[in-house]
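The structure that follows is given in the form of structure tokens.
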């Protein structure tokens, strides 16, 4: 699985140290027998975190056996068994809280995402995440939004460029110059997106060669009128080499307003809500 | 400030690397002038994260100057300026998203905590957090619950012991034996808490010498009857050396039920809600 | 075993790198056959470090097999075999010196502790360690004092609070205020200890609600008189909620004076001697 | 500068530890006076590494002052002074070798790149690097190719996707299916490139919606014929939403053959030669 | 193998993270079946890196099996199979580029070294490397020069001392005083080498008790005359205790001039050329 | 100072984290004013650790000012002020225990070393340390033995080679073959030492070309007879190129026996006693 990089190992080690500190004081009270356990969902939702949790327990003790009963991205109902575990009691206790924390958090994100995505199901619009992610967990939280049916926006400041409000101000509004400077210094596969706060900025971005335009906090009716204009400008520039299809995105959308935006002809709605507004899904680890 | 340990530095470095990756592609578009910026609250709440954010920006560039206008633990209203910043444009951009993410997340926790704490203001009960914290952020999230008026429960498996459901089962119910084993192996200042699912377990815990009893998911009326019994048992054992005051705590409390529990004579309500159920508070960084 | 946290792995890696540097120059001289070896004690003592040593060798080479013949905390005599090893010659050589160093050092501490503990065997007093530990080895050295029959004091500045001489001076002597500030900011399970240099300070500490009083360098006859007073003050405060049994501790005790203190009615003698005054126990690794 | 991330600090620390080991044995021979030094080029070339070297010396000792006389990306001649340094003699000696090594290596890459780029100056073709980079130095080596006038290809497996020979084989040749699977799982700004070993594969890639086609080891005359076909296929698909301009790239080009490929109408020649075939440029550090 | 230290593990993790970043975007396109692959040499040369590559793949996935067909230090011809691999497709893809990069780079060094060594085969002279190594790769690059038939010079500033031009200048030319200061502060097994730019300095070095003299950029005819003088001086001092055989070395030698130096009676020619002037050897990984 | 490498920074960070854990609970009790403090010696001895302690406090807070009143390697008497400090109270408290621990430990080693060295003052023999050092502290403990007047033996397995009892056994006693294999694989400045348990082995070592012979646990009278034989053998081999002066060393010496060995004509006595048998020197930090 492509999440299983060395940096995930380092992250897991840091998480475990955070909870274990100088060692579990309670462990001494029990025999270290081999025991069975399972996870139960106390709410319904979309599961996320199984692969990470399996890796986490193996990192504590290679002899722990874990069987996923629900895969990442699959739904579950209240009371459903999510996974089964077997291993030394102290090893399981050492990972229990951290494993639950990560999976409950990620499943909360996947579940919230899937609800928003469900609202968009009759539209040609996708839900994308943002860089508003919990520090330290970006790769996993973005994986959770994928598990919930969303798509990912750029992963960091380095895999796509974005001219935001302040870049444009510091460029004295010369969006085209900004795009040009970035294009000549970025890896060629890196796309350039412009965050536009007005229709004019959006049009300049398309003319200037942006790959994407992010319409920030524009009302839906304005977006509705703007989209065909931007498509036309993009069609014109397609004659030229090096100019791509424009991807039109809105942000700053209140979830209650999702459908109004979805019918404007845009490609993407990017929202931090699945990460910044979601609650954890409650799971319980039960020993047998 | 006692949060500013070397391990916080390592955490901040990892957060920045997570967002910067191989370097900010957009930075090239702008001059690297010294600029001013400030943070604006887009919702009201309790602020948390100022000290961390200041440290984070200094770690990127020692010449950044940051002035907190609202201190950690203080309230703010919509539109209020939270802090002012001055430094090189590229340095500010390098830290902006990460700094906002951490402060918005922590302020969400502080704000949610303060609301729950407000409900308890006429009671002699405190709100405590749990070990359900976002992996990697425990110290900071527990700091946020303090900023919101809550108190912290144990910080990890190593600074207090807790006999939970499964420990008790593996001990064949012999709570007293478990307490004894832990006491003779733990640092002497470490307290021992017993999670009780029944009144009988709670009584055994007090008799056995526990420092705290956590009543898990008992209905308020049962708690009301149990508390005086436990206080009496604790008073009896106080004759003996080595036995302390009992701290009575409930967990698994639905927020809507907070007051019902608060009037039962318990000492603490521990709740993961401030961390697992809170939304981020929205801040915006504006350049001048 | 609760010592086996990710941070122990990182510690072991750093130790091995310290000795191996850029690689063992002598290894080239030998075939890399599978060989047997064992450890012999060249002095008698209390063993400590077996679990760590086993983990260390497995970390070098998972195929090394190690069998402990003496467990941590058990005594051994001169000439006794402590453990048996089997594995590739170069793998064993890579870990030999580091493994011996850690076990000889820890066994020295366990042995010294056990001698001091033996002097206290007819008293109701326990021997506790301090924060005077070798930088980098606190968790392991505190484990060694447990193996020797001592108990651990707080593990760091974060799992219990202590008002020491200077805190009290900076508080202008207001011990009660200091205790109050700490109590309202610490995790609830954290105990508060006051280091008292005079009887008056000790009494104020008990009245102020301290969980422990550390009498520093008071002569035994003064301690003898003070203890009942402190117990009485503690009994009085026990009427109130939130006040615990007082733990009375002395420090700064010359080992020759141990019994004089032990008969004063105190609970604990804390001493850095097992760590700061102990010699390593000599072991030898012999190949067969 | 966007290279100056926390991970660069960690890299620099590791480099210094590699050379300093347990400490410079020769330093004891000298007084630790403040001295001046400068770097002299012993060959002509394009400079790269100044910013990193400045950061490296500051990391050893904040009081070292370094003035760049030639900026990264600028040319220099034999005997030209590249930079001036002032600081404690032992601090300068501690960084000297490592700093020279990194700058000599990176300047070698920048210089080799600039020679290849010069051959392409009358063509509309750019020179791109590859993922054949020295382990541990990718970000810096890709910075060096930019300093030499080249552009960067993807930075890792995560910021753009590429279907290579084996992916296609495992997909039983179904390039379109592969592109589709990747598109629906990647961040939306991530481009998808197909490595084609035949004209047919290249055409399928364009039809399938690839953003780039990499023609691997096709002879120039075949490339010449293929390019207009691919451009036509791309023009057709441009009618559809979500399809971009095609970027046509060749790889596996012998440097002697560069111009033959440059005139085929392609966009990019990607070559590992600047990194895998370049020699270091010789610099000398002279104390005054 | 003595290279397999914990620090090599950390290095490999960092390399893999560098290429994998936030995860391989292309992996999703393929089934994760168990597949076979092998490496083919596209040029002839001396192999180096097999042990590291095997360790690298095992670190990604313990179930990968790798069989070396050519050992480190052995020659291979164009088209020869170097090693065989079997494992999950995604695991092999995760390591492929990094593994090839390290082996192609190291084999380039071994091959270049072996060519220079071949020129010296009829002389009693050995080829040594220098501290001009790629930052982060010193241990491995020095291993590669050994695989190519060279010998290693000191590994860092800490395992042997060298008085260089500037040390001597700061000592006001008093080489003997410098040697004395270093000898009394270094581990006794550390040798002391003096870099001499003139015959006089070389003679002073021998008289002063140096273990080695490095004649820097002296013409071969001057070296020829100087060597017997230095041998005589060394023979004289051998009467005294603590004085060793002198090792005479030249540096700054143009490869075209190797034989002229080789016949002067010196012991060593140290050259950075195998590392700073070598090209990578091209290997290809082919799936079956 | 040559100890101040990046790896020392990492070590200091780890030490501080070890003591601070999740943050100092007691710090809240005090104002964070700027205060003065000094260190007092409670015993006489040789100071070691001042440079490290200064660096440690600066790493916590750059505004801390520290003035050493006694330098590393200098003696002090009971009651003498060792250093003065000024800084924020919480910053000083954060480093106090760790700084004292390291300096008390290192000064204990320096002091013990100096006593043993004093016994040898009328002899031409030096006292060397061994690889029996506390894991994690080798560089600093070896620095402490130098401060005490001793000299360092090899620093790790990589900067000199040693054929020990088991190597010789696995070589079927062929010491000469072992020396030859190591010489042809080690960096040329690396010396080769042979640990001899019999006179015959010692003679073979000299004949075989060893740079040093370590006579392990031979009685002084046997050493006395053996030394001239070994010197004669060494004189003979000095005719040949590549053979050095022999360094004769004894180990396994009981401190009471030091002078008996010192008069045998050997060069070195290596002893782990300064590290494995020393007690910490007691210092106290006093605030003003």
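Just so it is clear, A, B, C, D, E and F label the chains in written order, and each chain counts residues from 1 on its own.
Note that a residue touches a chain if its C-beta (ideal position, glycine included) is under 8 Å from a C-beta of that chain, and two chains touch if they have at least 3 such contacts.
What you see is a predicted model; the values in this text were computed from it and never measured.
Taking the CA centroid of chain A as reference, the farthest chain centroid is that of F. For chain E, the chain whose average C-alpha position is most distant is B. Counted by C-beta pairs in contact, the busier of B-C and A-B is A-B. Same-residue interface: chain C and chain F share over half of the residue numbers found at their contact.
With centres set at the average Cα position, the gap from chain B to chain E is 53 Å.
Look at where the CA atoms of chain D average out and do the same for chain F: the two points lie 45 Å apart.
In this assembly, the C-alpha centroid of chain E lies 30 Å from the C-alpha centroid of chain F.
Those residues of chain D in touch with two or more other chains are numbered 14, 20-25, 27-28, 94, 138-139, 142, 155-156, 158-160, 185-186, 190.
Of all residues in chain E, only 126, 128, 142, 146, 151-155, 158-160, 184-191, 193, 211-212, 238, 241-245, 247, 267-268 touch chain F in the complex they form. Touching chain F in their complex are the following residues of chain C: 11, 14-15, 18-31, 33, 35, 89, 93-94, 97-98, 100-102, 104-105, 108, 131-139, 155-164, 166-167, 169-171, 177-179, 181-182, 185-186, 190, 272, 276-277, 279-280, 287.
Taken in their complex, chain E has these residues touching chain C: 1-3, 5-7, 9-10, 138-139, 142, 155-156. Residues of chain C touching chain E in their complex: 12-14, 16-17, 20-25, 27-28, 59, 90, 94.
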